[in-house]
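Before I ask anything, here is the structure I am working with.
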Amino acid sequence: MTVNSRPVILGQNQYGKAENRVVRITRDGATHHIKDLDVSVSLSGDMDEVHYSGSNAHVLPTDTTKNTVFAFAKEYGIESAEQFGIHLARHFVTSQEPIRRARIRIEEYEWERIATSGADEAKHSFVRKGQETRLTQITYDGSSWEVVSGLKDLTVMNSTDSEFWGYAKDKYTTLQESHDRILATSVSGRWRFNWTDDEQKMPHWETSYEQVRKHMLQAFAETYSLSLQQTMYQMGARVIDNRSEIDEVRFSLPNKHHFLVDLEPFGLENDNEVYFAADRPYGLIEATILRDGCEPRIPVDLTNL
Amino acid sequence: MTVNSRPVILGQNQYGKAENRVVRITRDGATHHIKDLDVSVSLSGDMDEVHYSGSNAHVLPTDTTKNTVFAFAKEYGIESAEQFGIHLARHFVTSQEPIRRARIRIEEYEWERIATSGADEAKHSFVRKGQETRLTQITYDGSSWEVVSGLKDLTVMNSTDSEFWGYAKDKYTTLQESHDRILATSVSGRWRFNWTDDEQKMPHWETSYEQVRKHMLQAFAETYSLSLQQTMYQMGARVIDNRSEIDEVRFSLPNKHHFLVDLEPFGLENDNEVYFAADRPYGLIEATILRDGCEPRIPVDLTNL
Amino acid sequence: MTVNSRPVILGQNQYGKAENRVVRITRDGATHHIKDLDVSVSLSGDMDEVHYSGSNAHVLPTDTTKNTVFAFAKEYGIESAEQFGIHLARHFVTSQEPIRRARIRIEEYEWERIATSGADEAKHSFVRKGQETRLTQITYDGSSWEVVSGLKDLTVMNSTDSEFWGYAKDKYTTLQESHDRILATSVSGRWRFNWTDDEQKMPHWETSYEQVRKHMLQAFAETYSLSLQQTMYQMGARVIDNRSEIDEVRFSLPNKHHFLVDLEPFGLENDNEVYFAADRPYGLIEATILRDGCEPRIPVDLTNL
Amino acid sequence: MTVNSRPVILGQNQYGKAENRVVRITRDGATHHIKDLDVSVSLSGDMDEVHYSGSNAHVLPTDTTKNTVFAFAKEYGIESAEQFGIHLARHFVTSQEPIRRARIRIEEYEWERIATSGADEAKHSFVRKGQETRLTQITYDGSSWEVVSGLKDLTVMNSTDSEFWGYAKDKYTTLQESHDRILATSVSGRWRFNWTDDEQKMPHWETSYEQVRKHMLQAFAETYSLSLQQTMYQMGARVIDNRSEIDEVRFSLPNKHHFLVDLEPFGLENDNEVYFAADRPYGLIEATILRDGCEPRIPVDLTNL
């Protein structure tokens, strides 16, 4: 078939089953362990015909990719979201000739044990942690790996040690400078591992996540901030300085504005005590932070806004 | 005016400003404390004319009720959501003659301190806890108080010790009995205090909340369950047995189904290991649990479904 | 069993399967018709034992109630959401002795036909209308019926012919009076039919819905407004005046504030041209409007705020 | 400063104010017209210092970008979202030396006039259309323009004329082939204009949108479908064939599964009449469709899943 004779051609395409909600229980006697994931499969390859003529000969059904997620939770268990994604991506690329690239995206929800009345932790009773959602994305093309992990919806606030002044002004500028403001954001971040090859030693994914999260939070807390951009850079730099397995971090940080309420009309002074937490609009601050010499690969837009 | 001569009359009505997002910082030297609330005001009283003719003479603007929320955060501080709601409700009913009843609803978001690199807790850096949302509703009619507190979105799971069998069957019944299943729900609960009068000793609202939450979680974890209804009753009974300040509990508990995945087509056995977490439809189990001799007052529907 | 000897007793309780998403296609040759519903079943009756001891002997599984929804879509078809709910409610109450009351809640999503290139309407291709969601609630206790229909998320705006002035003022009042403002709301309404008995002639549910919606919209558009309360009353009164099958209307109307932006700092005049559409906080205006002589039965709170 | 001596460097970065909700009313006598937009500004340029040292000297505050949105709604009016975005992008790049690139993203909500009781359309009363959300993104670097418009949340369904068979099978395949199924999706699409230069004649943005939407819907309705990929390609090809101003289309189409319910256990036949509309998981089908010879520029991921 001479595709190029068409006036309208097919570009990049991918397909799969999104949001397979798999929960894996591992029983260690009466003590149970949970992994709770939302797994999205996306496959690419020799798929022109299904678009042009509707022939499904090269199409492994999305229903099959769903079945594979659940079967692999049994066959391999779920040691970590990253490891589970690696099993899945390898399978699709190596078992179906037309499939040349697999991308597995996973959200992970964490649970903690309920404290029982005997002051112990329950063996098989859990409460969802509810804080951030963990993320990972595994991409495999048959030869090299790309692993980008991350998190979203981790809301943080410094109630002081934040200023904003000395900025550019034009005829539309009305903002007053501030020397003591609340700085709050809901962290959405992704970080790319430099593990790309089966020959390399694989990072310990769970330890890495806990350490990255810790360094980000500490950098947020410990940076005296002159701008959210400065704080964001410090968060990324702290991760890269401390975690040799990571070369690149991307953040999308909404500036969750907390406006000091004007209480003067009521004869009251507001000495950085009472704030209005606004919804929209909000500042949106985004950047890539890179180990020197590395190439950026995380897509620029983590949000559609 | 003879309202009764109208063919169409006004029934119950209420108005106010909803979702005032107030954040109160209290500084104890370098150590800061946060209260983060979403406050909704709803007022009723002699309001026929604004409906019939549009005369606003009895209407305190919703904008004013918003201002009052922020001003009171300064004037009274926010010791607890309940105490803050009591200040507000008393103010509206006692300061505006046409207003006969005030209802204050508050959502509260909890924060915890970030652990700093020195292994201490940060003094003014916080991460949102993200688990359940605390709720309270204060109603005052000028003479007596009703306080109903609660929570929503506290997701819990028992990975065993749950059965479901021996149920009624009809021609549409296809469900197989289960002797070992996952039981999971997202707790939405409300509990009513028996404090109604300024002459009574007021409960310690913060302690009460922590204790109610603890008893509910423990009852969930420690009940060997033959039905979600049984577990729910135990959760309510445990609260009422242990907390003398509470007379009534109402729950709305979605049965968050975790279906055991059939892996037989793939030659695999699923020994209570791999589950599909379903979205819709879901069981919805609701009840009031009462101290004997008390009258139920919490509305039956906590959800619009 | 002597329930009253318990220190903690069971109050109102109900259970069932929520959010059964049923789509019914009716084929009239090549021309198809859609009904697209989200059906929630809630049953009450002699259910003490399942709560106290976990005995499920009186419990028809929620899974069975789900099956019944889908089976009835075949057996009875879906002429209207109301009629479908009546079939379901009657079935549960009359077929299971312990069940004394059934409440069926239904959301309905409307579709319209796609215009084809031949300027005709497609016979079996549809686009979801996407405007309001239709609602109905059917309650049956074995002898009498209550039907409450409604809608939510119908967003409307008058860009003029709205004023707000002459209101009460206190020390927290800063709002300026307005003689020309935008009035916008997202209508959430419920209306109760006076059909309660199988002996009465049943209303034509589909015609009734279209007419109620039309009268509400027209009243919103045609009322010169001095307050949202006045407009709301007119919307309810217009429905009751015109639709003899309806005795009661309840509204919950957020005042979706559109604030005139102050452009003076930029040397510009804003002659009711440029508005900021705010999210939170918002006014929330709620009322029951009744045919004179009728008793209100629709619950007061349509929202949890 | 020698940035390259840092071990951790800054990559792509951008900032601005997101989700400015501007409503513009234009009065033509008593007849009013609405434009209702959500505008997000994102600026890039010489911004290293604000990240490295916190110096804001090059930073036009996000608050100023917000003010500019509202001021421009007065100064230029809002003829179309695209034209409005072009005014904004040009302003930021040409008025602030450090800013080298501006990206304006806009969501647009459409309104229609309420039909009044006199069978006319209201002059200044509107109901929000509620169907799809219109989208546009304008990018300007001081020399060339990129305009990508689109839509999201346009839900469509073919109740027949869809098959799925002849697909690849492996050991995890259990899906049965189908020769008559429902095909439904919620269209998320973007299309890129070949207008890039102020010297070129600008497209008529409003006409273009209406025509693209029409062609997409018609292609969906008129394609006898052997796979969602085939339908998607036809939707894109139809747009490019008919609209010379557009060179590239990208779709992200969830396959909104409608499963035929098995009614056999109840002794009923389901002749393509009763379907269960599932939520998760869902197929997700994505592709770029291009005019031959053009380079793809729309990012591959329109969704984070």
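Which chain is which? They are A, B, C and D, in the order written, and residues in each are numbered from 1.
To be clear about the criterion, a residue touches a chain if its C-beta (ideal position, glycine included) is under 8 Å from a C-beta of that chain, and two chains touch if they have at least 3 such contacts.
What you see is a predicted model, and the numbers here were worked out from it, not measured in a lab.
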{"item": "Type of chain A:chain D copy interface by residue overlap (half), same or different", "value": "same"}
{"item": "Pair joined by more contacting C-beta pairs (A-B or B-D)", "value": "A-B"}
{"item": "Label of the chain whose CA centroid is most distant from the centroid of chain A", "value": "C"}
{"item": "Euclidean distance of C-alpha centroids - chain A vs chain B, Å", "value": "30"}
{"item": "Cα-centroid distance, chain A relative to chain D, in whole angstrom", "value": "23"}
{"item": "Where chain B and chain D are represented by their mean Cα positions, the distance between them in whole Å", "value": "38"}
{"item": "Two or more partner chains touched - positions in chain B", "value": "20-21, 67, 71, 172, 174, 265-266, 279-280"}
{"item": "For the chain A and chain D complex, residues of the former touching the latter", "value": "4, 6-21, 38, 40, 42, 47, 50-64, 66-68, 71, 95-96, 98, 105, 164-170, 172-175, 225-227, 229-230, 232-233, 236-237, 240-241, 248, 250, 254-255, 280-292, 296, 299-302, 304-305"}
{"item": "Chain B residues touching chain A - in the complex, by the definition given at the top", "value": "20-27, 32, 34, 36, 67, 70-71, 73-75, 111, 114-117, 122, 124-132, 153-161, 182, 214, 217-218, 220-222, 258, 261, 263, 265-266, 268, 270, 272-279"}
{"item": "Touching residues on chain A, where the partner in the complex is chain C", "value": "171-172, 174, 265-266, 279-280"}
